[in-house]
Amino acid sequence: MSENVLRVENATMQFGGVVAVDNLNLEINEGEIVSLIGPNGAGKTTAFNVITGVYAPSNGRVEFCGETIVRNHPQGKMKKLYKGQNPELYTSAFRVQAEDAEAKTALEETEKERDPAAFTDKVLAPTPDVITKLGMARTFQNIRLWKSQTVFDNILIAKHLRRTSSLFSATFRLNRREEAAQRADVERLLEIVGLSEAKDELATSLPYGKQRRLEIARALATEPKLLLLDEPAAGMNPQETNDLTEFIGRIRSDLGLTVFLIEHHMDLVMDISDRIYVLDFGGLIAKGTPAEIQNNQRVIDAYLGVAEDA
Amino acid sequence: MIKKNDHKKAWIALVIAVAVLVLVGALDNLPHVPSMLLTVLQKGAIYALVAVSMNLLNGFTGLFSLGQAGFMLLGAYTYAVLTVPVERQASVYQRYEDGGLGFSVTQSLGNSMGQFGLLLGVVICLILAGCVAGLFAWLIGLPVLKLKSDYLAIATLGFAEIIRAVVQYEKLGPVTNGSNLLYGFTGFTDFHLGSLKLTTVMPFLFSGLCIFVVVLLINSTYGRAFKAIRDDEVAAEAMGINLAKHKRMSFIISSFFAGISGALLAMFQASVQAVAFKAAMTYEILLIVVIGGIGSITGSAIAAFLFVGCSEWGLRFLDNETTLKNFDAKVKFAVVFGVLIAAVVAFGLLRMKRKGKKLVDKVQRDGKTYYQRRITGPILGLGLAIVALGWDVWFVISPRLKLPLLRSGFRMVVFSVIIMIVVLFFREGIMGDKELWDLGKKKRSAKAKAGAGNE
Amino acid sequence: MLDKILPYLLAGVSVGGQYALIAIGYTMVYGILRLINFAHGDIFTVAGFVMVYAAATMPLSVSIPLTIVLTVILGVLVEKVAYRPLRSAPRMSVMISAIGMSYLLQNSMWYLTGGLAKQYPVLPWISDRVNVAGTTTSRVTIITPFLTILLVAALVLLIKRTKIGMAMRAASRDFETAQLMGIKINNVISFTFVVGTLLAAVGSMLYFSNYATVTPTVGAMPGLKAFVAAVFGGIGSIPGAVIGGFIIGICESLIKGTGLTTFSDAFTFALLIVILAVKPTGLFGENLTEKV
């Protein structure tokens, strides 16, 4: 049984009256490739944003490699507006359900081990850079490259978070060795994604498919354990999608990463995923292996559809 | 290897720097050098540093801050207060009993170690000036840097005004001399190498060193992080760059150098008064940065010299009431003027043609054909040109010898118009976002590679 | 106690109303164009100068409307020359253009007037001294708040009940979609500037009746303070700008009353910092979230 890398518990994200993510529960284990699919507007990117710290969830907990990294519960005005279940799940009012006192204490102990602050009011809402430093990197639905920088520099900048040199030593070039090591790393990543020849070109001058690959290389430069890809195949033709499928497989096998992806290209999803979660209107409607999902009636009704002449 | 190239570049840069200093030193000491030139060089060097510091914040990190004048003020006052000679403190602080610090860093060190001591003292005070400015930047930065661009601009502007008011506060008079002039402190004229004057070399030296450090910073990993924040801060945060920390870093460093430049300005003017550091000063720096190119350090430096040169010296003739000598002179003037007008009109027409704009565009809509007219611009322009030419002819014919319009204040009007033209039509500024040494290379575009075959 | 405060209170309400009239111009332009019109304060000053020159050569019945008309023309011209060409440029460029325009206006005024301060003409009836609850003050002080509220009420009616008002509201909600829906955006913007400048011109007449010296830089401070008022009330909100203007005017006047005059200006900025730190969108402002 491989180690758990990501666990999302009862995550709910609510904007005013709109519940974008409704009590999401999911698990990703080491070395898996897991996909999150669903119709547009289902809340997939919002789920990514909650996991990576862009939004603090209205309620819920996110655990990364056994450590709780995000925890929140409805507060203040939100308490009145909150439309989900378990509003006090991660506050001091959190109660474990058990038959007798002994089982209850045992459960409480295990809970405390996972999350020492589970029974307090403490809110954990770090900024995305903290979470990235812990080993989670992501790409974006709409490519967000740094437009004035070259391909090489785009990846090099993503190495900044792993620096050990201070501002002073970096400015006065006392960090030559570290800088050289980082640059060598970037060269290696460029090779892996096949962009070595384009390294001195402006990032925006690359064709769309290559820009996506660049974004992935950039995310890989942060030395993550878990890679989140938001619609990596968007706008790609079948050939490019095939290349990407193979590439994601290599990320898992050669680099030893775990991958969590959002995608609409069903061939890519069914081909490469170990497990799939299906979201609709913010809520989880199905989960399982590709085979199970393909035959799940609810998923077919909500999203996959049936061939017309069946 | 990349290393060898870098070393070569470094040596070339060093040689150029020394050559510039020697040249400036020569100008300082040769006879018949117009003092205006020296003034422009000194002030230009100082403004170059401020402009670079502002560019670091606005152009490289993308934080639109309008608080530069406030930090310059802090630096100027810190420096001045620390270096007023002890024996003059009584007269400088005459409105306040026991005014002044009772000691002067430069005086103490200068008395004990001569010129070297003086230099050491000045360097210490400059660094302290920067530190005080940086400290305030740290204090202000905490709440302010979270704001969106427009609000950040206004908040920093507000802080600069608050600082100005506080410095002038009567109760702080014994230290800051309230709203009165501070003078008598160590200036550039106090420096000399034997009998050689160093009045212009010193600002160049200090300014140059500081700008050099900024260049090093920009090309380091932290500088790249700043640029990432400017281009897309959401992506930067996602790639592990802590926004609050880095923005604050950029703000403090920028203010540090703004403080030093304020101190240099004090040294140049030989007097400091809070009322001079108004928002207008920040606007001038901003305009310099825009003219030079947001995101280009060499651009800011070049633009600083141009700006100071034009406003102090180059356009001075526009302020003087000019009477031409005789008819011949008038004809010469009229011809030159007429040619200028024709050139501007030709330039305008060329520009329109190059941009592909036609005077009348046919547009199909709902089955009918509309004619979209873009004639207001060209008609206005042509009209103005005709009026100008007409006046030109009339001026030659008439018996007048005096040129109209030229009197005190016209220089600044022309200057402002030129700035507006740059802001409206040459938004990239002189250098765009490239540096002087980038002009040779070109970043290859995908189009160039298309010839080699696409993938 | 009251009679000690009263003159300051009255002065505060009066200058507050004037700030409010200027602030409306800022807030309306920002609401639609997301632009801080730095030149607005200078247009206010120009209105003052035009009045000085006009009143010297023409009877008041002509010079007052003439001032308003010329000022409005200037405001619209500034928009056409400095802001319209940069409509598609990044926000910083437009703000820099506004600053450059402000610079140009100040220098032009300096050049044309020779840098000497001019005396504002005395407007009869408005400038008369009147007796209010034991203190004497000029009638301007009494009229200003009423006139301000009247004008603002008219403006709010215009925005809520007329077609052009609806177009303005649409444009400030979503600029591009408004254009796509067929609204002639250029006309809407020009109209916004007309209204804003008109109010500033009226404000200048009231202001200079109190502080009768006009110099090229005299409008910078009131302009900046009016802008703070607009931010304080919630930039984009007209009632907010008005309330902000009055609050700043009153507080500033009271501070002057306590003797700390150097801090009366700094107070305005301190207020700005506080509101930006606590509620950046101002009292009546709206929140915007960005899609990641």
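Which chain is which? They are A, B and C, in the order written, and residues in each are numbered from 1.
Keep this in mind: a contact is a pair of C-beta atoms (placed from the backbone, for glycine too) under 8 Å apart; a residue touches a chain by one contact, two chains touch by 3 or more.
Being a predicted model, the structure only gives us computed values, none of them experimental.
Touch-path distance (fewest steps) from chain B to chain C is 1. Comparing mean CA positions across the assembly, the chain most remote from chain C is A. Averaging C-alpha coordinates per chain places the centre of chain B 30 Å away from that of chain C. Centres computed as Cα averages put chain A at a distance of 45 Å from chain B.
For the pair chain A and chain C, the distance between C-alpha centroids works out to 49 Å.
The residues of chain A that reach two or more other chains are 54, 140, listed in rising order.
Residue numbers of chain C whose C-beta contacts span two or more other chains: 292. In chain B, the residues that reach two or more other chains under the touch definition are 234. If you check the complex, the residues on chain B that touch chain C are 58, 64, 143-144, 147-151, 153-155, 157-159, 161-162, 165-166, 168-170, 179, 234, 279-280, 283, 286-287, 290, 294, 407-410, 412-413, 415-417, 419-420, 423-424, 427. The touching residues of chain C, counted against chain B in their complex, run 30, 34, 36, 81-82, 85-86, 89, 91-93, 95-97, 99-104, 107-108, 110-112, 114-115, 220, 224, 227-228, 231, 262-263, 265-266, 268-270, 272-273, 276-277, 280, 290, 292.
Only residues 213, 216-217, 220-222, 224-225, 227-228, 230-232, 234-244, 249, 295, 433, 443-446, 449, 454 of chain B touch chain A when the two sit together in their complex. By the touch criterion given at the top, residues 52, 54, 127-130, 132-133, 137-138, 140, 144-150, 153, 156-163, 165, 167, 170-173, 175, 179, 182, 198, 200-202, 205-207, 218-219, 221-222 of chain A touch chain B in their complex.
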